[in-house]
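When the chains are written out, they are named A, B and C in that same order, and each has its own residue count from 1.
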Amino acid sequence: MSSMKKRAELTNVIGMAQAQYAYTIDDGDFYDWPNFFADDCFYQITSADNFAQGLQAGLMWLDSKAMLHDRILSLLEANVYERHSYRHILGQPNISSIDGDEVESETSFMVARITREGPTDLFATGRYVDRYKVAENDAKIMKRIVVLDSSYIDTLLGFPL
Amino acid sequence: MSSMKKRAELTNVIGMAQAQYAYTIDDGDFYDWPNFFADDCFYQITSADNFAQGLQAGLMWLDSKAMLHDRILSLLEANVYERHSYRHILGQPNISSIDGDEVESETSFMVARITREGPTDLFATGRYVDRYKVAENDAKIMKRIVVLDSSYIDTLLGFPL
Amino acid sequence: MSSMKKRAELTNVIGMAQAQYAYTIDDGDFYDWPNFFADDCFYQITSADNFAQGLQAGLMWLDSKAMLHDRILSLLEANVYERHSYRHILGQPNISSIDGDEVESETSFMVARITREGPTDLFATGRYVDRYKVAENDAKIMKRIVVLDSSYIDTLLGFPL
(Lines give C-alpha, C1' and ligand atoms only; values in the text may rest on other atoms or scores of the structure.)
Protein backbone atom coordinates (compact mmCIF):
# COMPACT_ATOMS: atom_id res chain seq x y z
CA MET A 1 0.00 0.00 0.00
CA SER A 2 1.40 3.42 -0.94
CA SER A 3 2.10 5.87 1.87
CA MET A 4 -0.60 8.14 0.46
CA LYS A 5 -3.21 5.35 0.55
CA LYS A 6 -2.21 4.43 4.10
CA ARG A 7 -2.47 8.01 5.20
CA ALA A 8 -5.86 8.42 3.53
CA GLU A 9 -7.15 5.28 5.23
CA LEU A 10 -5.95 6.39 8.66
CA THR A 11 -7.35 9.88 8.12
CA ASN A 12 -10.72 8.25 7.49
CA VAL A 13 -10.52 6.05 10.56
CA ILE A 14 -9.51 8.90 12.86
CA GLY A 15 -11.97 11.27 11.23
CA MET A 16 -14.79 8.83 11.99
CA ALA A 17 -13.66 8.46 15.60
CA GLN A 18 -13.57 12.25 15.98
CA ALA A 19 -17.04 12.67 14.50
CA GLN A 20 -18.38 10.13 16.97
CA TYR A 21 -16.57 11.86 19.83
CA ALA A 22 -18.07 15.22 18.90
CA TYR A 23 -21.50 13.64 18.56
CA THR A 24 -21.24 12.10 22.02
CA ILE A 25 -20.26 15.26 23.85
CA ASP A 26 -22.71 17.52 21.98
CA ASP A 27 -25.76 15.35 21.40
CA GLY A 28 -25.24 11.88 22.75
CA ASP A 29 -24.73 10.38 26.16
CA PHE A 30 -22.11 12.28 28.13
CA TYR A 31 -21.31 9.20 30.20
CA ASP A 32 -19.83 7.59 27.11
CA TRP A 33 -17.10 10.18 26.85
CA PRO A 34 -14.41 8.07 28.59
CA ASN A 35 -15.04 5.17 26.22
CA PHE A 36 -13.20 6.97 23.45
CA PHE A 37 -9.99 6.57 25.44
CA ALA A 38 -7.65 3.64 26.06
CA ASP A 39 -7.51 2.41 29.68
CA ASP A 40 -4.06 3.80 30.10
CA CYS A 41 -4.60 7.24 28.70
CA PHE A 42 -3.70 10.85 29.21
CA TYR A 43 -5.98 13.87 28.79
CA GLN A 44 -4.91 17.43 29.31
CA ILE A 45 -6.39 20.85 28.65
CA THR A 46 -3.90 23.66 28.29
CA SER A 47 -3.39 26.97 26.53
CA ALA A 48 -1.38 27.57 23.38
CA ASP A 49 1.02 29.78 25.33
CA ASN A 50 1.71 27.10 27.93
CA PHE A 51 1.95 24.40 25.30
CA ALA A 52 4.43 26.38 23.19
CA GLN A 53 6.62 26.91 26.24
CA GLY A 54 6.49 23.23 27.14
CA LEU A 55 4.87 23.99 30.50
CA GLN A 56 3.30 20.98 32.13
CA ALA A 57 0.81 22.95 34.13
CA GLY A 58 -2.55 22.99 32.45
CA LEU A 59 -6.14 23.71 33.15
CA MET A 60 -6.91 20.02 33.57
CA TRP A 61 -4.80 16.91 33.81
CA LEU A 62 -6.21 13.38 33.90
CA ASP A 63 -4.04 10.33 33.46
CA SER A 64 -6.23 7.27 33.45
CA LYS A 65 -9.62 6.30 32.12
CA ALA A 66 -10.82 5.95 35.73
CA MET A 67 -10.04 9.61 36.32
CA LEU A 68 -12.00 10.54 33.22
CA HIS A 69 -14.98 8.63 34.58
CA ASP A 70 -14.73 10.35 37.95
CA ARG A 71 -14.49 13.73 36.38
CA ILE A 72 -17.48 13.31 34.12
CA LEU A 73 -19.57 11.98 37.00
CA SER A 74 -18.77 14.88 39.28
CA LEU A 75 -19.49 17.32 36.49
CA LEU A 76 -22.86 15.79 35.81
CA GLU A 77 -23.78 15.85 39.47
CA ALA A 78 -22.77 19.48 39.82
CA ASN A 79 -24.27 20.91 36.66
CA VAL A 80 -27.18 18.78 35.73
CA TYR A 81 -29.76 21.57 35.74
CA GLU A 82 -27.85 24.51 34.40
CA ARG A 83 -25.67 23.29 31.63
CA HIS A 84 -25.37 25.35 28.48
CA SER A 85 -25.21 23.48 25.26
CA TYR A 86 -22.18 23.45 23.01
CA ARG A 87 -21.52 22.68 19.39
CA HIS A 88 -18.12 21.38 18.26
CA ILE A 89 -17.02 21.65 14.66
CA LEU A 90 -13.83 19.79 13.88
CA GLY A 91 -11.51 20.08 10.95
CA GLN A 92 -10.06 17.03 9.25
CA PRO A 93 -7.29 15.35 11.27
CA ASN A 94 -3.81 16.13 10.02
CA ILE A 95 -1.64 13.07 10.60
CA SER A 96 1.90 13.93 11.66
CA SER A 97 3.33 10.47 12.33
CA ILE A 98 2.53 6.79 11.86
CA ASP A 99 4.38 4.23 13.97
CA GLY A 100 2.82 0.79 13.66
CA ASP A 101 -0.67 1.07 15.13
CA GLU A 102 0.09 4.36 16.88
CA VAL A 103 -0.87 7.44 14.94
CA GLU A 104 -0.30 11.07 15.90
CA SER A 105 -2.56 13.75 14.52
CA GLU A 106 -3.68 17.31 15.08
CA THR A 107 -7.25 18.45 14.59
CA SER A 108 -8.55 22.02 14.71
CA PHE A 109 -11.84 22.78 16.41
CA MET A 110 -14.29 25.58 17.05
CA VAL A 111 -16.81 25.41 19.86
CA ALA A 112 -19.94 27.53 19.97
CA ARG A 113 -21.86 28.04 23.19
CA ILE A 114 -25.61 28.27 23.06
CA THR A 115 -27.16 30.04 26.02
CA ARG A 116 -30.76 29.40 26.81
CA GLU A 117 -32.14 32.85 26.15
CA GLY A 118 -29.23 34.76 24.79
CA PRO A 119 -27.10 34.69 21.71
CA THR A 120 -24.91 31.92 20.37
CA ASP A 121 -21.26 32.84 20.54
CA LEU A 122 -17.86 31.46 19.72
CA PHE A 123 -16.77 29.93 23.01
CA ALA A 124 -13.39 28.47 22.18
CA THR A 125 -11.03 27.53 19.39
CA GLY A 126 -7.98 25.32 19.42
CA ARG A 127 -6.65 21.97 18.39
CA TYR A 128 -6.43 18.42 19.61
CA VAL A 129 -2.89 17.10 19.72
CA ASP A 130 -3.55 13.37 19.75
CA ARG A 131 -2.01 9.96 19.81
CA TYR A 132 -4.38 7.21 18.68
CA LYS A 133 -4.09 3.45 18.84
CA VAL A 134 -5.74 2.14 15.70
CA ALA A 135 -7.18 -1.37 15.48
CA GLU A 136 -9.16 -2.99 12.70
CA ASN A 137 -12.53 -1.71 13.81
CA ASP A 138 -11.57 0.96 16.25
CA ALA A 139 -9.38 3.89 17.19
CA LYS A 140 -8.83 4.72 20.85
CA ILE A 141 -7.25 7.89 22.21
CA MET A 142 -4.02 7.15 24.08
CA LYS A 143 -3.24 10.81 24.58
CA ARG A 144 -5.19 13.98 23.93
CA ILE A 145 -3.87 17.41 24.66
CA VAL A 146 -6.55 20.01 24.12
CA VAL A 147 -4.64 23.16 23.24
CA LEU A 148 -6.85 26.22 23.56
CA ASP A 149 -5.88 29.20 21.44
CA SER A 150 -6.91 31.70 24.09
CA SER A 151 -5.86 31.79 27.72
CA TYR A 152 -9.09 33.54 28.68
CA ILE A 153 -11.59 30.72 28.69
CA ASP A 154 -13.52 29.34 31.58
CA THR A 155 -12.88 25.77 30.59
CA LEU A 156 -14.84 24.19 33.36
CA LEU A 157 -17.98 25.47 31.75
CA GLY A 158 -17.25 23.84 28.45
CA PHE A 159 -15.81 20.55 29.64
CA PRO A 160 -15.45 18.03 28.09
CA LEU A 161 -13.67 19.42 25.11
CA MET B 1 -15.95 -5.96 3.30
CA SER B 2 -15.30 -5.25 6.97
CA SER B 3 -17.83 -3.11 8.84
CA MET B 4 -15.17 -0.42 9.30
CA LYS B 5 -14.46 -0.28 5.56
CA LYS B 6 -18.16 -0.13 4.76
CA ARG B 7 -18.64 2.67 7.24
CA ALA B 8 -15.67 4.60 5.87
CA GLU B 9 -16.98 4.28 2.34
CA LEU B 10 -20.45 5.49 3.30
CA THR B 11 -18.98 8.34 5.33
CA ASN B 12 -17.15 9.44 2.19
CA VAL B 13 -20.25 9.19 0.02
CA ILE B 14 -22.43 11.12 2.45
CA GLY B 15 -19.65 13.61 3.16
CA MET B 16 -19.40 14.39 -0.55
CA ALA B 17 -23.16 14.83 -0.82
CA GLN B 18 -23.12 17.21 2.15
CA ALA B 19 -20.28 19.26 0.71
CA GLN B 20 -22.21 19.65 -2.52
CA TYR B 21 -25.35 20.59 -0.60
CA ALA B 22 -23.49 23.28 1.33
CA TYR B 23 -21.90 24.55 -1.87
CA THR B 24 -25.29 24.83 -3.55
CA ILE B 25 -27.01 26.80 -0.81
CA ASP B 26 -24.04 29.11 -0.14
CA ASP B 27 -22.45 29.65 -3.54
CA GLY B 28 -24.26 27.72 -6.21
CA ASP B 29 -27.71 27.84 -7.69
CA PHE B 30 -30.37 27.99 -5.03
CA TYR B 31 -32.93 26.42 -7.34
CA ASP B 32 -30.98 23.18 -7.20
CA TRP B 33 -31.62 22.76 -3.50
CA PRO B 34 -34.57 20.34 -3.87
CA ASN B 35 -32.50 18.07 -6.12
CA PHE B 36 -30.58 16.77 -3.13
CA PHE B 37 -33.78 15.11 -1.92
CA ALA B 38 -35.64 11.99 -2.96
CA ASP B 39 -39.08 12.60 -4.51
CA ASP B 40 -40.79 11.23 -1.45
CA CYS B 41 -38.90 13.12 1.20
CA PHE B 42 -39.36 14.88 4.48
CA TYR B 43 -37.67 18.10 5.59
CA GLN B 44 -38.21 19.71 8.95
CA ILE B 45 -36.59 22.53 10.90
CA THR B 46 -37.03 22.36 14.64
CA SER B 47 -35.28 23.31 17.87
CA ALA B 48 -33.24 21.02 20.08
CA ASP B 49 -35.75 21.47 22.89
CA ASN B 50 -38.68 20.42 20.72
CA PHE B 51 -36.73 17.57 19.20
CA ALA B 52 -35.65 16.21 22.58
CA GLN B 53 -39.26 16.24 23.75
CA GLY B 54 -40.44 14.49 20.62
CA LEU B 55 -42.69 17.39 19.67
CA GLN B 56 -43.83 17.32 16.07
CA ALA B 57 -44.31 21.05 15.80
CA GLY B 58 -41.38 22.70 14.17
CA LEU B 59 -40.40 25.90 12.49
CA MET B 60 -40.86 24.39 9.07
CA TRP B 61 -42.34 21.15 7.80
CA LEU B 62 -42.22 20.04 4.18
CA ASP B 63 -43.07 16.53 3.09
CA SER B 64 -42.48 16.18 -0.61
CA LYS B 65 -39.97 17.38 -3.13
CA ALA B 66 -42.72 19.45 -4.75
CA MET B 67 -43.17 21.37 -1.50
CA LEU B 68 -39.45 22.03 -1.35
CA HIS B 69 -39.62 23.48 -4.87
CA ASP B 70 -42.56 25.70 -3.97
CA ARG B 71 -40.85 26.95 -0.88
CA ILE B 72 -37.61 27.84 -2.55
CA LEU B 73 -39.45 29.62 -5.35
CA SER B 74 -41.50 31.73 -2.99
CA LEU B 75 -38.43 32.59 -1.00
CA LEU B 76 -36.54 33.72 -4.06
CA GLU B 77 -39.44 35.86 -5.22
CA ALA B 78 -39.79 37.51 -1.83
CA ASN B 79 -36.15 38.11 -1.01
CA VAL B 80 -34.32 38.43 -4.23
CA TYR B 81 -32.90 41.87 -3.57
CA GLU B 82 -32.20 41.84 0.12
CA ARG B 83 -30.77 38.46 0.94
CA HIS B 84 -27.85 38.27 3.30
CA SER B 85 -25.25 35.73 2.51
CA TYR B 86 -24.52 32.73 4.66
CA ARG B 87 -21.63 30.35 5.10
CA HIS B 88 -22.21 26.77 6.28
CA ILE B 89 -19.41 24.74 7.78
CA LEU B 90 -20.29 21.09 8.32
CA GLY B 91 -18.61 18.49 10.44
CA GLN B 92 -18.04 14.99 9.19
CA PRO B 93 -21.22 12.86 9.13
CA ASN B 94 -21.51 10.44 12.02
CA ILE B 95 -23.27 7.32 10.77
CA SER B 96 -25.63 5.82 13.33
CA SER B 97 -27.23 3.02 11.33
CA ILE B 98 -26.89 1.18 8.03
CA ASP B 99 -29.84 -0.79 6.71
CA GLY B 100 -29.28 -1.93 3.13
CA ASP B 101 -29.08 1.24 1.05
CA GLU B 102 -30.62 3.40 3.77
CA VAL B 103 -28.14 5.14 5.99
CA GLU B 104 -28.83 7.32 9.01
CA SER B 105 -26.33 9.95 10.07
CA GLU B 106 -25.96 13.10 12.13
CA THR B 107 -23.87 16.04 11.01
CA SER B 108 -23.03 19.14 13.03
CA PHE B 109 -23.08 22.54 11.40
CA MET B 110 -22.28 26.18 12.06
CA VAL B 111 -23.76 28.95 9.94
CA ALA B 112 -22.29 32.43 9.74
CA ARG B 113 -24.32 35.36 8.44
CA ILE B 114 -22.58 38.02 6.44
CA THR B 115 -24.36 41.35 6.39
CA ARG B 116 -23.60 43.76 3.63
CA GLU B 117 -22.02 46.53 5.64
CA GLY B 118 -21.81 45.14 9.11
CA PRO B 119 -19.99 42.38 10.86
CA THR B 120 -20.04 38.66 10.23
CA ASP B 121 -21.66 36.78 13.06
CA LEU B 122 -22.50 33.27 14.12
CA PHE B 123 -26.08 32.91 12.97
CA ALA B 124 -26.95 29.36 13.94
CA THR B 125 -25.56 26.05 15.09
CA GLY B 126 -27.13 22.63 15.14
CA ARG B 127 -27.15 19.28 13.47
CA TYR B 128 -28.73 17.48 10.58
CA VAL B 129 -30.48 14.28 11.59
CA ASP B 130 -30.65 12.49 8.25
CA ARG B 131 -31.73 9.41 6.45
CA TYR B 132 -30.02 8.93 3.10
CA LYS B 133 -30.72 6.53 0.24
CA VAL B 134 -27.33 5.61 -1.17
CA ALA B 135 -26.92 4.41 -4.75
CA GLU B 136 -23.76 3.68 -6.71
CA ASN B 137 -23.18 7.22 -7.87
CA ASP B 138 -25.47 9.14 -5.63
CA ALA B 139 -26.93 9.77 -2.18
CA LYS B 140 -30.35 11.37 -1.87
CA ILE B 141 -31.89 12.72 1.32
CA MET B 142 -35.02 10.81 2.28
CA LYS B 143 -35.40 12.67 5.54
CA ARG B 144 -33.62 15.67 7.01
CA ILE B 145 -34.47 17.13 10.37
CA VAL B 146 -32.56 20.34 10.95
CA VAL B 147 -32.23 20.55 14.72
CA LEU B 148 -31.23 24.06 15.77
CA ASP B 149 -29.41 24.34 19.08
CA SER B 150 -31.07 27.62 19.96
CA SER B 151 -34.76 28.40 20.00
CA TYR B 152 -34.04 32.07 19.32
CA ILE B 153 -33.28 32.10 15.63
CA ASP B 154 -35.22 33.76 12.89
CA THR B 155 -35.00 30.77 10.61
CA LEU B 156 -36.83 32.29 7.72
CA LEU B 157 -33.90 34.58 7.18
CA GLY B 158 -31.46 31.73 6.93
CA PHE B 159 -33.50 29.27 4.94
CA PRO B 160 -32.55 26.87 3.45
CA LEU B 161 -30.47 25.27 6.12
CA MET C 1 -12.77 2.79 -11.31
CA SER C 2 -16.27 4.24 -11.07
CA SER C 3 -16.62 8.02 -11.19
CA MET C 4 -17.87 7.98 -7.59
CA LYS C 5 -14.78 6.07 -6.40
CA LYS C 6 -12.50 8.41 -8.31
CA ARG C 7 -14.22 11.43 -6.83
CA ALA C 8 -14.03 9.99 -3.32
CA GLU C 9 -10.33 9.30 -3.72
CA LEU C 10 -9.59 12.79 -4.96
CA THR C 11 -11.72 14.32 -2.22
CA ASN C 12 -9.55 12.46 0.28
CA VAL C 13 -6.31 13.58 -1.33
CA ILE C 14 -7.35 17.22 -1.53
CA GLY C 15 -8.90 17.09 1.95
CA MET C 16 -5.57 15.90 3.37
CA ALA C 17 -3.69 18.65 1.55
CA GLN C 18 -6.11 21.25 2.93
CA ALA C 19 -5.79 19.95 6.48
CA GLN C 20 -2.03 20.21 6.21
CA TYR C 21 -2.30 23.71 4.77
CA ALA C 22 -4.52 24.83 7.64
CA TYR C 23 -2.20 23.22 10.15
CA THR C 24 0.79 25.05 8.67
CA ILE C 25 -0.72 28.52 8.74
CA ASP C 26 -2.32 28.14 12.18
CA ASP C 27 0.11 26.00 14.16
CA GLY C 28 3.07 25.05 12.05
CA ASP C 29 5.88 26.89 10.38
CA PHE C 30 4.64 29.88 8.44
CA TYR C 31 7.63 29.75 6.11
CA ASP C 32 6.29 26.50 4.69
CA TRP C 33 3.21 28.18 3.31
CA PRO C 34 4.54 28.60 -0.26
CA ASN C 35 5.41 24.92 -0.44
CA PHE C 36 1.77 24.01 -0.87
CA PHE C 37 1.85 25.69 -4.27
CA ALA C 38 3.23 24.67 -7.65
CA ASP C 39 6.14 26.79 -8.93
CA ASP C 40 3.98 28.35 -11.54
CA CYS C 41 1.00 29.27 -9.41
CA PHE C 42 -1.55 31.96 -8.88
CA TYR C 43 -2.91 33.20 -5.56
CA GLN C 44 -5.51 35.88 -5.18
CA ILE C 45 -7.64 37.25 -2.37
CA THR C 46 -10.83 38.95 -3.42
CA SER C 47 -14.37 39.59 -2.23
CA ALA C 48 -17.49 37.69 -3.21
CA ASP C 49 -18.88 40.82 -4.85
CA ASN C 50 -15.81 41.34 -7.01
CA PHE C 51 -15.60 37.67 -7.83
CA ALA C 52 -19.24 37.47 -8.87
CA GLN C 53 -18.75 40.46 -11.18
CA GLY C 54 -15.63 38.93 -12.69
CA LEU C 55 -13.49 41.85 -11.57
CA GLN C 56 -9.79 41.14 -11.66
CA ALA C 57 -8.91 43.63 -8.96
CA GLY C 58 -8.51 41.97 -5.64
CA LEU C 59 -7.05 42.55 -2.24
CA MET C 60 -3.97 40.58 -3.09
CA TRP C 61 -2.57 39.13 -6.30
CA LEU C 62 0.52 36.92 -6.44
CA ASP C 63 1.44 34.95 -9.53
CA SER C 64 4.48 32.85 -8.79
CA LYS C 65 5.82 30.84 -5.92
CA ALA C 66 8.67 33.33 -5.61
CA MET C 67 6.17 36.10 -4.94
CA LEU C 68 4.53 34.00 -2.26
CA HIS C 69 7.91 33.58 -0.59
CA ASP C 70 8.61 37.31 -0.73
CA ARG C 71 5.25 38.13 0.70
CA ILE C 72 5.48 35.77 3.62
CA LEU C 73 8.97 36.97 4.45
CA SER C 74 7.98 40.63 4.48
CA LEU C 75 4.97 39.81 6.61
CA LEU C 76 7.05 37.97 9.14
CA GLU C 77 9.54 40.79 9.33
CA ALA C 78 6.84 43.39 9.81
CA ASN C 79 4.63 41.59 12.28
CA VAL C 80 6.77 39.24 14.21
CA TYR C 81 5.93 40.63 17.64
CA GLU C 82 2.33 41.59 17.35
CA ARG C 83 0.62 38.89 15.41
CA HIS C 84 -2.76 37.68 16.55
CA SER C 85 -3.44 34.02 16.24
CA TYR C 86 -6.02 32.57 13.90
CA ARG C 87 -7.92 29.32 13.63
CA HIS C 88 -9.12 28.05 10.27
CA ILE C 89 -11.88 25.49 10.03
CA LEU C 90 -12.41 24.11 6.54
CA GLY C 91 -15.32 22.22 5.11
CA GLN C 92 -14.83 19.22 2.89
CA PRO C 93 -13.66 20.11 -0.63
CA ASN C 94 -16.42 19.99 -3.23
CA ILE C 95 -14.90 18.85 -6.51
CA SER C 96 -16.36 20.59 -9.54
CA SER C 97 -14.20 19.19 -12.33
CA ILE C 98 -11.59 16.51 -13.00
CA ASP C 99 -9.37 16.83 -16.06
CA GLY C 100 -6.51 14.32 -15.97
CA ASP C 101 -4.38 15.28 -12.99
CA GLU C 102 -5.93 18.72 -12.67
CA VAL C 103 -8.79 18.96 -10.23
CA GLU C 104 -10.95 21.96 -9.46
CA SER C 105 -12.67 22.25 -6.11
CA GLU C 106 -14.31 24.72 -3.79
CA THR C 107 -13.88 24.60 -0.02
CA SER C 108 -15.71 26.71 2.56
CA PHE C 109 -13.84 28.14 5.50
CA MET C 110 -14.35 30.06 8.71
CA VAL C 111 -11.51 31.88 10.41
CA ALA C 112 -11.56 32.89 14.05
CA ARG C 113 -9.19 35.55 15.40
CA ILE C 114 -7.86 35.14 18.90
CA THR C 115 -6.68 38.37 20.49
CA ARG C 116 -4.26 38.19 23.33
CA GLU C 117 -6.45 39.58 26.08
CA GLY C 118 -9.79 39.99 24.47
CA PRO C 119 -12.45 37.78 23.06
CA THR C 120 -12.26 35.31 20.22
CA ASP C 121 -14.32 36.42 17.27
CA LEU C 122 -15.30 35.30 13.82
CA PHE C 123 -12.79 37.10 11.64
CA ALA C 124 -13.70 35.95 8.16
CA THR C 125 -15.69 33.45 6.15
CA GLY C 126 -15.45 32.48 2.53
CA ARG C 127 -14.31 29.79 0.16
CA TYR C 128 -11.25 28.66 -1.66
CA VAL C 129 -11.78 28.33 -5.40
CA ASP C 130 -8.91 26.04 -6.31
CA ARG C 131 -7.19 24.19 -9.07
CA TYR C 132 -4.95 21.38 -7.85
CA LYS C 133 -2.38 19.27 -9.65
CA VAL C 134 -2.63 15.82 -8.12
CA ALA C 135 0.29 13.36 -8.19
CA GLU C 136 0.61 9.96 -6.56
CA ASN C 137 1.80 11.24 -3.20
CA ASP C 138 0.97 14.88 -3.44
CA ALA C 139 -1.42 17.64 -4.41
CA LYS C 140 -0.09 21.09 -5.22
CA ILE C 141 -2.13 24.24 -5.63
CA MET C 142 -1.88 25.64 -9.16
CA LYS C 143 -4.44 28.33 -8.50
CA ARG C 144 -6.17 29.51 -5.35
CA ILE C 145 -8.67 32.32 -5.29
CA VAL C 146 -9.64 33.16 -1.74
CA VAL C 147 -13.15 34.58 -2.04
CA LEU C 148 -14.12 36.41 1.13
CA ASP C 149 -17.83 36.66 1.83
CA SER C 150 -17.55 40.13 3.29
CA SER C 151 -15.93 43.18 1.72
CA TYR C 152 -15.22 44.62 5.17
CA ILE C 153 -12.23 42.64 6.29
CA ASP C 154 -8.75 43.88 6.95
CA THR C 155 -7.14 41.00 5.13
CA LEU C 156 -3.58 42.03 5.75
CA LEU C 157 -4.07 41.15 9.39
CA GLY C 158 -5.21 37.66 8.65
CA PHE C 159 -2.83 36.78 5.83
CA PRO C 160 -2.17 34.09 4.77
CA LEU C 161 -5.63 32.76 4.25
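By our rule, a residue touches a chain if its C-beta (ideal position, glycine included) is under 8 Å from a C-beta of that chain, and two chains touch if they have at least 3 such contacts.
On a predicted model such as this, the values are computed, not experimentally measured, just so you know.
When chain A is fitted to chain B on its Cα atoms, the angle of the rotation, on a 0 to 180 scale and to the nearest 5, is 120 degrees. Both chain A and chain C derive from one sequence, and where they touch, under half of the residue numbers involved are common to the two copies.
Chain A and chain C have Cα centroids separated by 26 Å.
Contact with two or more other chains is made by residues 12, 89-90, 92, 110, 122 of chain B.
Against chain C, the residues of chain B that register as touching in their complex are 9, 12-13, 15-16, 18-20, 22-23, 26-27, 85, 87-90, 92, 110, 112, 114, 117-122, 136-138.
Only residues 2-4, 7-8, 11-12, 48, 89-94, 106, 108-110, 122, 124-127, 149-150, 152 of chain C touch chain B when the two sit together in their complex.
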